[in-house]
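The next part holds the structures, each set out as structure tokens.
One chain, subunit A, links the two complexes that follow: it is found with subunit B in the first and with subunit C in the second.
Here is the complex of A and B:
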């Protein structure tokens, strides 16, 4: 795991600015929530850290190494998506072992690692199943195991709970939250759900319009919002409706 | 209401379905049956059972002259133990291969096009998309244009193969594109890349195998349509081994009903066999589950 630092990262597409000077540091072993409405630039932030977007200006560092221009396959970043994006042409174990395989880990060792991770995530015994036969929650666990199998510098989670039903979501939030803390994972948790961010993350960055409005612990943000936008967005009751004038 | 729909509706739908199936399958069954008959003058064929029609169509009859008149050149003979000779319909294999050649080109060209169009936003995307569907023109028109543009390809196998691939490319692109669009293409690619796979490796070991069902069905559609493409084959083909469609047309227009029936039945068989082979090959080829 590593410390990840963004320093005044800007990303523009033609006339639109997706990231407008974003700076923050995710400490080693910390899970930082990136919270904001859709289109606020949180996904661009995640994709820049993963290496799928090159910032227009600014730098990204993993510990002390600058990775701004390193291609995604050489960054050692774990990705978990809302859509799971499991490889349906492989078994569950092969999905998890894909990353180690790309890194030249031999067959028995990577199979062992896959079995251990699946066990850890509560889906031991599913190794030889076809991922399409699993439930949504199970598939998401496989996705998580697959991302963790490469022992990533940082784990990026892009709305990983959004497709799941409320009951499962609550359970998975608690389980995954505990697991990330236990494994001491450096994580970036992108979500539009303020409650989820509060539960899962050590600190939260509230993002709007390509800028970080406030960054702090969930308590700080909830009790001492920096401005009207943050106050409105994190207020749990009534639900955040940033476009409504009260 | 529920009882009524169950009592009347379901049997009615079943009956309609059965009637449609019988109506559509009937002629095929009759054709296959007739291919084993001596004559077919009335509604039903008569004079069972003879293999003569099949032997002549397959080029196994003793009279080579008769075969030639049917458009069959002498076959390759393989010596087998005991002095018997096994006749191999090399020409038939060649005709099947002509259509397969078209499919092969479409796999190499069509899959990347479908990928590019469904994955990326680029200038001229709509044009590429339209262009890949444009060859849905009648084979006659493409055939004539083809001969004008590339006179040196006229009558050659290469000409036929390239023409088939051009004519049938849209079916490949559409089948594969809809498959790509039904899966989280970008997420899959990004997952594989982040796990350490280079782009080419991602494309070959993740993207293509995940789209296998679309690619297989595209290949089957392409092949079946190319094999049955008469207009283009008729205009471009000049001499040598006949494309399947031309062979079929000759049998239908120059021979007795029963012999035509055997030729058509053989065509059905070839379609069925090649479809099964493509399916099996596809499954094997894409199955990366290592054991």
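Here is the complex of A and C:
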């Protein structure tokens, strides 16, 4: 895992500014939530770290290595998508083993790694299944296992719980949160769901109009919002927040 | 509660109905349920096409088959398989069939191979002037084969533009460089007509490719080529199969181009010659019948391997 630093990253598309001088650091082993409304630039931030967008200006570093212009396949970034994005032409195990395969890991070793990860994520025994036959929650676990299989420098999660039913979402939030903490993964968790960000992340960056309005622990964000936007955006019923005692 | 379609494949409910075809006819003449009325709407929508198929499709086809086994050149009388014996027994016709098959197959392979990167570029990237590019790529579809052949002459003929440029660059005589009126010229003319058709099918398939899966592959370390090989290609395979079916059938059907570039005798050109030289209508009918059966069976078999919209 690595420390990821964005320094004054700006991304424009014609007259539209998607990222306007975004700066933050995700510490080694930390999960940073990027929270904001639709169209605020959070997905552009994630895609810039993954390498699918090149910033108009500014730099991105993994530890001390600048990766601003490094292509996605050379960044060692794990991506988990909202819509799972599994390879339908491959089995569950082949999905998970795909990254190691691209890195030249031999067949037995990558199969073993896939089996271990699937076991870790509670879907052992599904190795030879067609991923399309799995439930949404199971598919998302496969997506997570696939991303973790390359031992990424950073794990990028793009609204991974959206679309799941409330009960499953709550369970997955807890399980995935525990797993990320256990594996000491450096993660960037993009979401528009305040509660999810507060529950899952060590710190949260609240983004609006391409700018970071505030970065802090969930408690800091909740108890001491930097401005009206943050205050309004994170206004949650206290029972939803794990750090609020009643 | 069952939805409106579940368990209502057979028309009726609400009153006693007959089953099977009789039931459908019953539902059409006197609809009771919404499903019955749906049957009626479907029947009304399809009726004009059904009439067209019957009158302009099945009847002429039956007549062609009848002509092919007629014992008389100018009337459909008697039954003789002589024309078919000629087709399958005469080495000349076998060579014509072989010419058709290899030309169609070869141009199909090249056309689809060219169409894949074109469709990839058009669908995966925001290209400057994309609308113009799409128009240029699809333009040959609207051209008659005879015009396509003429364009090949203009480019690669004795006085063609490309011929002149290549001759000037290499110091050769234009006559030695020109290849429009040759089998390679015919091949290029076929490809020119077939690439847009293949591209059309493939673009439709590309529109359904899961781009997130492609990005997932890249983030996992796959190069753009590996991403294409392992993720994109399996997804566009139905489109490739569809494009192969469509372009191969087009390759077999092209005729106008052959009028201008008559360097290879293929099935369609030979049918024309049978009718033009001595009104050899039985052999022409047999050739048309064999052609129809071949393309029909080829398509039926091909469609088992694709969901692309190429149909029959």
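Here, the second predicted complex is superposed on the first by the 236 of 246 C-alpha atoms of A that agree within 3 Å, B and C clash if a C-alpha of one lies under 4 Å from a C-alpha of the other, contacts with A are read in each partner's own complex, and residues count from 1 in each chain.
Please note the rule applied: a residue touches a chain if its C-beta (ideal position, glycine included) is under 8 Å from a C-beta of that chain, and two chains touch if they have at least 3 such contacts.
Computed from a predicted model, the values in this text were never measured in an experiment.
Engineer: Check the residue A:150 against both partner chains and state whether it touches subunit B (first), subunit C (second), both, or neither.
Structural biologist: A:150 contacts both subunit B and subunit C.
Engineer: Applying the touch criterion given at the start, work out whether A:109 contacts subunit B, subunit C, both or neither, answering first, second, both or neither.
Structural biologist: Once the two structures are laid over each other on A, A:109 reaches no partner at all.
Engineer: If we overlay the two complexes on their shared chain A, which of subunit B and subunit C does A:78 touch? Say first, second, both or neither.
Structural biologist: both
Engineer: Return first, second, both or neither, reflecting whether A:91 touches subunit B, subunit C, both chains, or no partner chain.
Structural biologist: After superposition on chain A, A:91 lies in contact with subunit B alone.
Engineer: Residue overlap on subunit A between the subunit B contact set and the subunit C contact set?
Structural biologist: In the superposed arrangement, which is not itself an observed complex, subunit A uses residues 50-52, 71-79, 81, 83, 85, 87-89, 98-99, 102-103, 143, 146-147, 150 for both subunit B and subunit C.
Engineer: Along subunit A, where are the residues that touch subunit C in the complex?
Structural biologist: Going through subunit A, the ones touching subunit C are 50-52, 71-79, 81, 83, 85-89, 98-99, 102-103, 143, 146-147, 149-150, 156.
Engineer: Within their complex, state which residues of subunit A touch subunit B.
Structural biologist: Spelled out, the residues of subunit A in touch with subunit B are 50-52, 71-79, 81, 83-85, 87-91, 94, 98-99, 102-103, 143, 146-147, 150.
Engineer: So in the complex, which bits of subunit B are touching subunit A?
Structural biologist: So the residues of subunit B touching subunit A come out as 183-184, 187-188, 190-198, 201, 206, 209-210, 212, 286-290.
Engineer: Can you tell me which positions in subunit C touch subunit A when the two form their complex?
Structural biologist: Answer in residue numbers: 210, 212-213, 215-224, 226, 230-231, 234-235.
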